[in-house]
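Pasting the structures here.
Shared between the two complexes below is chain A, which has chain B as its partner in the first and chain C in the second.
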Partner chain A sequence: MKKRVISAVLAATMVCSLFAGCGGSGSKGGETADADTFRIGGIGPVTGAAAIYGSAVRNAEQIAVDEINAAGGINGYQVSLKFEDDEHDAEKSVNAYNSLKDWGMQILAGTVTTTPCIAVADKTSADGMFEITPSASSTDVIKNDNVFQVCFTDPNQGSASAKYISDKGLGSKIGIIYDSSDVYSSGIYAKFKEEAASLGLEIVSESAFTADSNTDFSVQLQDAKDAGADLMFLPFYYQQAAIVLKQAKDMGFAPAFFGVDGMDGILTLENFDTSLAEGVMLLTPFAADAADEKTQAFVKKYNEEYGETPNQFAADAYDAIYIIKAAAEAANVTPDMSVEEIGTALKGAMPSVSYDGLTGSGMKWEATGEVNKEPKGVVIENGVYVSID
Partner chain B sequence: MKSKKLKNKITTFLIVIAAYVIVEIFLLTGNVSSLLQGLLVPLCTYSLCAVGLNLCVGYLGELSLGHAGFMCIGAFTGAFFSVTTADIIQNDGVRFLLALIIGTGCAALFGFLIAIPVLRLNGDYLAIVTLAFGEIIKNVINVLYVGKDSNGWHVSINSQAELGLEPGGVTYINGAQGITGTPHSSNFTIGVILVLVALFVVYNLTDSRTGRAIMSIRDNQIAAESVGINVKKYKLLGFTVSTAIAGAAGVLYAHNLSTLTALPKNFGYNMSIMILVFVVLGGIGSFRGSVVAACILTLLPELLRGLSDYRMLIYAIVLIAMMLFNWAPDAIFFREQIMARIKKPKREV
Partner chain C sequence: MSFIMYLINGISLGSVYAIIALGYTMVYGIAKMLNFAHGDVIMIGSYISFVTFSQMGLGPVPAVVISIVVCTALGMIIERVAYKPLRKAVSPLAVLITAIGVSYLLQNVALLVFGANPVSYVSMIAVPPLKLAGGELTITGITVITIVLCLVIMGVLMVFIKKTKAGQAMLAVSEDKDAAQLMGVNVNGTIALTFAIGSGLAAIAGILLCSAYPTLTPYTGAMPGIKAFTAAVFGGIGSIPGALVGGILLGVIEILGRAYISSQLSDAIVFAVLIIVLLVKPTGILGKPIFEKV
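Presenting the complex of A and B:
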């Protein structure tokens, strides 16, 4: 008897939750959205291991939206932003997307990480929604024509890095460490290797780590040291790069280090001895201490509101919102249009948009969704980024 | 006794069917939020997993912490089949059915192979070894590269470049990037049918001579051996069926998303433990409880989205509260008292 009662209660709970879900749709369905505000949704991990990327994007998108609203909105309409958590999981990301749809989202500025983005891009394409991702960099993301990227694609970064190293003669014997469990890192690695072969760069050591073993790199470094590498290519995020730099120094291994945009943020990492990063080179579209007015204003504002220095993710996200604004103004869309109408209009307007932002000036887009901007090579000197060129 | 069991069984089927009918009615009238629509297939997926694991934990009496690994095998083999045959088999239903059979079969095969050494252990030791196997499965899939060009199949465990594909070749499994472009073949109806089939299988299995043999091993292995029960055979059987159901869940999972990667998040030991939580919360040995618990715990974090930053914290607290309410002796006593009070007036009337 007791068990039956429990299951009845549990079943009742389930039914209640079903109704709760239904109730939500009645009042917030896409059709009934206010006709005088644009509803922009954001998706990214704000809990879990990848939370710093998602939080950075959320904060920066909020700053951009507040600024736009203060300056009169898009085409005279105010913008509201809602950001949902996806825990860096494809399934949760689709849930987040659906939940935003219930809220009445018209444009998606997300998702932050690549794997979830591929799953969500499939859904936005089915719904005809315009999507611009600040930082999901795989080419699979932009397979559908409604998705645009603010960041470089992984292959782009890989080939740009190889070209940069070869053109500037930064090293002849290259060692690579990459994260084989990460799409971003292995995507760059694969293209770098291919490009290096055609440019005649010699790769003497390549070793991988995974998300489960990203706290000790002595084996990989020893391998590179034994192979006589004079330049280490590190296509992964700054948290791991910091450990690599520390361990390399401890074992007396001092090649040149070359990173990609994930390396940005290393100088602001807590408890990191920035002298270790002296001489590290990286390709990044954004440097928090760049002298231009836009960057400085953004960094100052971010610092005031959230008490930290924004990283490249934040800059990409800030740009993403302004790019939506630029495209929306070019296509002259209004919030009373349906999701699909807005999607088609923005999609059509994107190739004609040219935008100067934090992560590049004169950014332009292919109809495929890929961005055209110049990668900037910087080297860390006395704790600040200095342009290599 | 017999009729009570039967009644229990029928109630479970009715609950699932009723839930299905209610949801379908709401779907047809267009009253279901997108969030819930998107959650329907995952609900079925996790219910399946929980039912599968409950067979292992509740009836075989062996604690497995590697079920996410078997789900992973089912997901990858099923998705691999679907992606490679997407051009050959045009019919979505037929392709999904074949993928389901292959995914389930592969998970069962691996379950069987892994069970041979693993089931020599028991208790905590077995739990740890299954945990390790689950991780091995995930890590092997993460380094696997499979592609095809005009020269046939290429396999590598180092990098995509090593496949040496000719121009025009296609990489199907791209290491850590997994499989992308799996067709969306699973839907709620298929999911519910699978849950019903799984329930049918496990109820009949536990109700049969075989099931009683399996339970006798759980209750007392020495006694079971002494009456001539082939302990090894029944243990293997129970474990294999359990992993096969997890494999079917994996196939369903893979065909619901266009990207499939073996991340710690979806196929790591965290997921295995999550499935175990479904089983324990729903009641070890109660399949109906597993389904209900899986549904509630999958819905809960989504319904808590309104709490934004505190969502996962509240989720954890609710989980603790639910566990206490369901299984703490004091809570059970308290519930019984309440129930007695509610029932009494009824009798008087």
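Presenting the complex of A and C:
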């Protein structure tokens, strides 16, 4: 009997732990069933290994929606937001999409990560729903004409990085490490390599890692060191970049380091020795310590509500909601229209929208869904971003 | 010169695998179960040392001691609550599934307590790097410490099992649980002790792992756990020297494969070698063949 009790308690604990992660994924927004509110859905990983991105997006979308509601809503209608967790999993993402549709979602501000987004984009396309992703950067995401991006596409980042390095003369012998198990990283790598060849940059070392072997980079760094690389291009996320920087220092290898937007966040990595990142350059659309009023207000508000400094995913998401607002006002849509009517109207309006946001000023969109904005190069000096230009 | 560097890095990585593999192999040898939560105990150990050393500002010695104590207690609690009641279960699968459940439980609890954001682990081992061959070869302090510590732990453990009463009891239980019980050995106590030692070692492994590869997340223990389990099978599961041999071979193959064959295929190479070894010698390199007694 005693054993039964213990195992029952244990089973209960486990079940609880499964649900515990989902606790925060519900929305704070009202869930009233009237036709006078726009229903915007969000999908992203709020639990699991990619949770940092999804929760940043969820928080920032909520801030933007609250602001819009306080200022009178979109076209005079209030907005309600519901955010579902997908754990960075394509199947769960489609499930989340379906449950948001049951809730009555009219516009999707998501999804956050690329692989699930490709799956969901096929669904929104079939339903004619307007979708804008803050951060899924693969070109596969926007192959349907109803999907728009706030962030750069991967190839865009690759070619922009190569151009930047060549224009500024940052390095002549380039070493590359990339994550071959990640479409984001390998997409940037492929385009960078192509662009570097046409610009005459010499690539002396290229090596890969995978999600299952992303803690040890000694081999890749040794290879680059032996090849005499003077600039390392690191098109992947900051969690791994932090290890690369530490291991390079330990082995006495000190080239210049150049990252892309995934490198953003390295300074907010808890307990990270920022001296390791000294001199690291990266292309990022958003710097939390930028001096402009818009960024400052957003960072302050985010800090007050969630107790941390927002990363670029949060900024992309905040912009995404305001871009929806701009497009909805341009197309003059109302909540009583059907999902398909809203979708058609919004995607028709997008190419004419010009938006000044946190992640770029004068952002414009191609009808294909790709965004046009200027990449910003920053260098880390004394633990803060400083513009290179 | 690069080759020597790769070899040393491989041995260092392999030493961490070996210390983790000890936890798997001892528990398997004595309780005949695969403790899949072992990798996550490593992660908990790393977090405890992170909190005590980096956040509370305790010295390295108290931080390591607290981490070992917490992990030891955690290992014993997991054994008592989740595994012991199932020891007499009809299907041996029950306890295996429970172990996977405990693994997820630990990961999700860590996710709740410590959050999903990775933290940067600051190494508490301040040993200057060794420069050989006129500065061409730089061996980091942590590499040296890891290899030395691994050998010391192995040595102490072997002596413990050969020379002490508790060690002899472990050996007896691993040979034949029922006969050991008839001879007056406290089987439950011995299994609990095994979990305690394995989990204490997990804390050390966690600290070494995160000192060398300094990003810590609730999923940090998962992949090294699987690799170390492979190392244990590789060397012959149930055999303590086997864990050492398997761990170091695995680390060296992984690094050399990455360096000279393909940086993308290193894991595939590791597991291909495992398959070949098991085909040639099904009990692993140092494993003893088991004869079914009728």
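By definition in this document, the second predicted complex is superposed on the first by the 356 of 389 C-alpha atoms of A that agree within 3 Å, B and C clash if a C-alpha of one lies under 4 Å from a C-alpha of the other, contacts with A are read in each partner's own complex, and residues count from 1 in each chain.
FYI, a residue touches a chain if its C-beta (ideal position, glycine included) is under 8 Å from a C-beta of that chain, and two chains touch if they have at least 3 such contacts.
A quick note: this is a predicted structure, and the numbers were derived from the prediction, not measured.
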With the two structures laid over each other on chain A, which partner does A:Q220 touch: chain B (first), chain C (second), both, or neither? second
Scan A:S180 for contacts with chain B and chain C and give back first, second, both or neither. both
Of the partners chain B and chain C, which touch A:I118 in the superposed model: first, second, both, neither? first
Under the stated touch criterion, which partner chain does A:T344 make contact with: chain B (first), chain C (second), both, or neither? neither
Does the superposition put A:T47 against chain B (first), chain C (second), both, or neither? both
A:K101 in the overlay: touching chain B, chain C, both, or neither? Say first, second, both or neither. first
Quick check on the superposed pair: does A:N69 touch chain B, chain C, both, or neither? Answer first, second, both or neither. neither
Per the contact definition in the header, classify A:A90: touching chain B only (first), chain C only (second), both, or neither. first
Kindly classify A:S207 by the partners it touches after superposition: chain B alone (first), chain C alone (second), both, or neither? second
Hey, what residues of chain A end up touching chain B and chain C alike? 3, 6-7, 10, 13-14, 17-18, 20-21, 47-48, 180, 210, 212
Considering only the defined contacts, which chain A positions touch chain C in the complex? 3, 6-7, 10, 13-14, 17-18, 20-21, 47-49, 51-52, 55, 180, 207-210, 212-213, 215-216, 218-220, 222-223, 226, 239-240, 242-243, 246, 250-252, 269-273
In the complex, the residues of chain C that touch chain A are 2, 5-6, 9, 13, 50, 54, 81-82, 85, 101, 104-105, 108-109, 111-112, 116-122, 129, 135, 138, 140, 212-215, 217, 219, 223-224, 254-255, 258-259, 263-264, 266-267
Mind pulling up the chain B residues that touch chain A in the complex? 11, 15, 19, 22-23, 26, 31-39, 42, 139, 142-143, 159-161, 175-178, 180, 184, 253, 256-261, 263-266, 283, 286, 288-289, 292-293, 295-296, 299-300, 302-303, 305, 308-309, 311-312, 326, 332, 335-336, 339
Residues of chain A touching chain B in their complex? 1-7, 10-11, 13-15, 17-18, 20-22, 24-26, 28, 46-48, 84-85, 87-91, 94-99, 101-102, 115, 118-119, 121-122, 138, 140, 180-183, 186-187, 189-190, 193-194, 210-212
